[in-house]
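Presented sequentially are two complexes of chain A, the first with chain B as partner and the second with chain C.
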Partner chain A sequence: MDARIDFYPTHEIAGYQVRAGRPLPFGATLVPGGVNFSIFSNHATSCSLVLFEKGARTPLAELPFPLEFCIGDMFCMIVFGLDYETIEYGYRMNGPWDPARGLRFDETKILSDPYARMLGGRAIWGVEPDWTDPYQHRARLAFDDFDWQGDIPPQIPLADLLVYELHVRSFTKDKSAQVKHPGTYAGLVEKIPYLKDLGVNCVELMPIYEFDEFENSRVDSATGERLMNYWGYSTVGFFAPKAGYAATGQFGMHMDELKTLIKELHRAGIEVMLDVVFNHTAEGNENGPYISFRGIDNQTYYILTPEGYYYNFSGCGNTLNCNNPVVRAFVLDCLRYWAAEFHIDGFRFDLASILGRDANGAPLANPPLLESLAFDPILSKCKLVAEAWDAGGLYQVGSFPAYGRWAEWNGKYRDDMRQFLKGDLGYAGAAATRIQGSPDLYQWNGRGPTASINFITCHDGFTLYDLVAYNGKHNEANGENNNDGGNDNHSWNCGWEGASTDPAVNTLRRQQMKNAVSFLLLSFGVPMILAGDEIARTQYGNNNNYCHDTALSWIDWTGLTQNADMYRFFKNLIAFRQAHPVLRPKSFQDGLVSFHGTRAWWADFSDTSRVVAVMFDGSQARGGLVADNTLYAAFNMYWETLPFQLPAAPAGTLWHVVANTGMETPNDIFTPGQEPPLDDQSGILVGARSSLILIAK
Partner chain B sequence: MKIAITKNTGYALVTIEEAIDGKTAPEAQAAIGPLLTEFSVLVLDLTKVTYMSSAGLRVLLLLHRNLVAKGGKVILVGLSENIAETMRVTGFLQFFETCNTLAEIKL
Partner chain C sequence: MAFTSSLEIIRNVAKITLTGRLDASTATQFRDLVDQAAAQKVKAVALLLKDLEYMASAGLRVIVFARQKMGVAVKLYVVAPQDIVRETIEVSGFSQAVVLLPAYDAAVIEGK
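And then the complex of A and B:
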């Protein structure tokens, strides 16, 4: 006999033993002998819990919530005697159909629980769904009982973080990955030794919240390829990990598989950041499907025009009403769940500027949601990173409401460094500013260089190889006549569009890629590398690769042998950055840099300059609290060799060569202890479009 | 699911056949649970188990926790490759001692 008197049924509804539930927590929670179901709707007039046998099209039962089971706007009920593993549940809500007022109740629809921790319906990646099934994304019950075995998140200071952006499926799907479970969380576990060897300490996973890879799926008539929602920037379930990314998704064990991945990454000293998409949902505009929010409380969850249509600040049909108190609590609950239950170390918010808009879409000066996230006690150790713009024209790089907590994807870093790289005039000064951690963006507001996530490439746009192999995008495979994808790529093909047999072109491309990563790893701020760039991965000029579940997206690991010099350069330069705190200041006061040109102590930031040289003062590393070497780098983005006069190395030290991208491997980079000293300590020739890195010791 | 129990000196042998899922896991737990007071070593012969769901794995883990707490252990015998692999990628396998056949068990 149970010692508690509140876990016995009081009612019978539709043949099930039930009692009044508890409003908190929202969602479905396992309680002794049963399940507590709790769901919010401000405008519904009535609600039923709909129970299914796993995968069945017709419900097992529908249990209307009696009035005495409602508290405020919450419908709550405990149902006893359910088989946790085979039950799927949804809701049927009744209420006004009045689109002009933003109300779109439809009692013919079965609605998924926004708080569902597991969703059925897309358990195995790429298996065509049964479109006649009236309930597509089927809420399931979850055990939150994983044994973390003393896991402690690495808590790497932002200043020391080195982010590696990857797509779970792309990373190991290709057979060249040689893993047991290609394209899955388990497959990624097998690549942890690779990540360790490369030296990154944080993986940023492109969306892993449950999404529908078949959303807007279509067959390209020209190629016969099935185009998919491959990246998954369109969330179906915010609390539910993508089952199709798990080898065990078909057994409903993907939560344990993902947690095992995170535990293993942590054990290797690698943090896990999630790319999260709270700006919109997969329900699209008024022509989109009913998945959950639209039928539960459309007016609460979405930003609507005065006529009741959907504002489209996301470019994806709808906009989540993030600063409504209920939605705000939903976002907070969700992130808390991922931080507490999945030990997630940080979040990168897609189109985050939307999170700062009010219910009418206007930007707020002090957005409650962003403030709540910044000061939340459960998220307090999590990194918060904003993609500080949206598709509605709000661009907040440098001005995102940060509360001393938020970092930003620094789009200006990418654009300036790309133009400097290809030798555009007028970017030397901008490049120097970016190398310093963008004080123009992050000093006036006291945020510091760690507010800047520096990147030259990310999933959006060209890969690093394509950046130096294509002048224009080549998105024909996307089936939109090459009209999709950005046109402001700031790329340069080094003399030939696409793959080339000309050794001079290929040598220059390798040099340019090494230049780019030299900028990135010698800049103050937090560097982010796109997975595959270290082995010169190509997408054949496709700069909007969101829809291909093919070799166009999958990492070809043969690149590791074919482009071994690239990998070696990345790996050694990563190790170099991590060995030198002088490159990783926590604040603008922490690090001392001086800029130079072809003449020492004479920086030329004029409009005709294509040269930046920089010296990092080792005696001032971390505000002088840490001993480090003085370092020097000369970036010659001019098409001729130039002589550089060197500033004197600190007394008692000599300049040694760490890297020179103008040299062929293995003389392009040296490991610690192997750096050759310079014969002439006062000057050196730096080759055309080359980077030279020196260490004083 | 079929379940048979043999009590030996120093350990109990539990032989399970067919599927251990959400429906049968509570039965398995009810049948095996009483052995925990009498034995500190359980040998589970799973050679003829065709399927093990999440609930089934949780029964195994519960037995493991109970026995470890009193210095005992659970030995799993004859896991099919599929079940072993599922247990490996979800982190369950590491908790258990495993053997291919009953002849190999070391108490």
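And then the complex of A and C:
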């Protein structure tokens, strides 16, 4: 390759041997003897490549792109003889300063490459940055030489997926995690046996794109705690994994460490889904910093008002202009990179409705970006999941443009099941609809129950324990006078606000948590569990825990011992779901359910009902193509015990008890083969606020 | 300690000894030795790292290079790495491409 004439320098600029580069691919690409740099700007009048020694404040050299190195709106140049390991690079763009037209060029700024695969500047989590450094997020060159050892992504059908949402740092940061490298990708590798034991088959990682944990950080004067951008829903580098989440970030080995995590998860049969944030960037509004897009081509990358201000459909200061063709290609390139280079199995899009807005912010009927993602050949096996709303008031649960591919976080599932759980009137019918996979949302347009990602808790809002321990949010620690976080929690504290020493209160809470997970795991659709709920993790009533790098966020693994009954219940019910395809139909035609009440074959969805009973016909599992047992569940969310008349079990079978949340452990759930038969096959008393699950065999 | 490197080939085993700090500026020396060993068509490579204090990503990338250049038929042993080097190899996943040994074991490496 070195002999090829097209890899010989033709020019010398600032002491470096260079030649005209290639516009594709965008970003910095290693080529024989050098690096091809390629960057877009529609409005820049000139551009320089700025080279640094790793970590240096002063540039090593600045290389202006000669006119003959520009093709269309691309600046492209091959620079020879660079030391890949020690070089950092950025761009300096010149162009009009005309905010009213959306142009905000500032040649004093050094800008990160939007396609940078590695970023320096925040390599070790929590180490205070040098704020006087003129280049905070420093693009680096990356290698694609990881040995995947034949890794093949599990490609688990959506219908069989069981998602577990976790924060990489929170999962193992607490010393109770007892891992060698707390709070890192490597730490998470050590917890894979736990995930396997629990039985989940997909982890959804909260943002791992490079972000700045110090963005808007502040010290809480009352507590002295440094409040941070802990969750990371504010991207700095879309192609770059978060180095601070790696034990080896300081050595520049974080890509390898993350790939090792993914490889090991795949080896354990667990898929990896990324929570990706394309709705906005960390540059904020007109008062925010220059990191990348603002200085490269503000008018292209952001949705702007006619006056040149930033629309704020994200609630975070700016809105990415996702359906601009250039930005659309950027998003597509990014996801392709993660799918191809990191073997990622799926993406959950934060505030995804923004991805369907046009350049003026109006919702599109047929958004090109969403269509492109749905039909992209590289992403064809990746799950695509939308958080189908945004902060600008667009709410598309049930109507997100799906193209036969997109699933949605079903916010209505969460809200309806929470209200049913606490015994609110008028939710029995809604609960039955949600248990069926929300046909009201996903049948009319030909979608199936797998369009519904069912969840009762997620990172936003209360944990499961807090849902049954707090009536209201307690976000004082966030330093915003408890004004942040949602107020529509649909929670009930079971008689006492917060921690209680009353055994009756605590028993009821455990029962309610088991009821909630019973709803979740017996519903058609794709269940998602928030990490830690299985051991009754608390955030002490904080329902917007975005800023705490403390025990408030970290999983306390002593819960595994203290709440062993919760873990046992979750684990066994997960196994139960995975053993019974009748609970996992791929389409609404696949699964046959009948609803009942306290009387068999007599569902009561009236406004005074707090009861749902459901029978899953095993003979119709997967459209009758697979054999399964018939199952029955009675959910009594009334505050008194009620007698339930049972439908007859299929001929030749008897009803056996799988779970009864009204019972104390170990009689709350039984493993296969240990289920006791019912003495009375025609009826049973179901305790107050209890769930009963039966199997016919 | 300054970086030093040496190569010795005995009975089809290439022994590469590294000392000091292996970083981007010295990784090419290491790579040259790997190239020489590969040219000799050795059956095994032993990286003797007892006195290697630090290995930057550039050094680890040479191990990847060695693995990929020589193929899976050539065993690659990392012998007596210091804790920080061993941990970096393990955490970044390279330990799956090599055999980590606490000390030079002729029976294992040379098949004696």
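Just so it is clear, the second predicted complex is superposed on the first by the 696 of 697 C-alpha atoms of A that agree within 3 Å, B and C clash if a C-alpha of one lies under 4 Å from a C-alpha of the other, contacts with A are read in each partner's own complex, and residues count from 1 in each chain.
Going forward, contacts are C-beta pairs under 8 Å (C-beta built on N, C-alpha and C of every residue); 3 or more make two chains touch, one makes a residue touch a chain.
Remember, it's a predicted structure, so these values are computed and weren't measured experimentally.
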Do chain B and chain C fit side by side on chain A in the superposed arrangement, or is it a clash? clash
With both complexes superposed on chain A, which partner does A:A407 reach: first (chain B), second (chain C), both or neither? neither
Which partner does A:A603 reach: the first (chain B), the second (chain C), both, or neither? neither
Touching A:A186 in the superposition: chain B (first), chain C (second), both, neither? both
So the chain A residues that chain B and chain C both touch are 83, 85-86, 143, 145-147, 180-181, 184, 186, 246-248, 251-253, 256-257, 259-260, 263
Chain B contacts chain A in the complex at 21-23, 53-55, 57-58, 61, 85-86, 89-92, 95
Could you pull out which chain A residues touch chain C in their complex? 83, 85-86, 143, 145-147, 149, 180-181, 184, 186, 246-248, 251-253, 256-257, 259-260, 263
In the complex formed with chain B, which residues of chain A make contact? 83-86, 143, 145-147, 180-181, 184-186, 189, 246-248, 251-253, 256-257, 259-260, 263
Which residues, counting only chain C, touch chain A once they are in their complex? 23-25, 27, 56-58, 60-61, 64-65, 67-68, 87-88, 91-94, 96-97
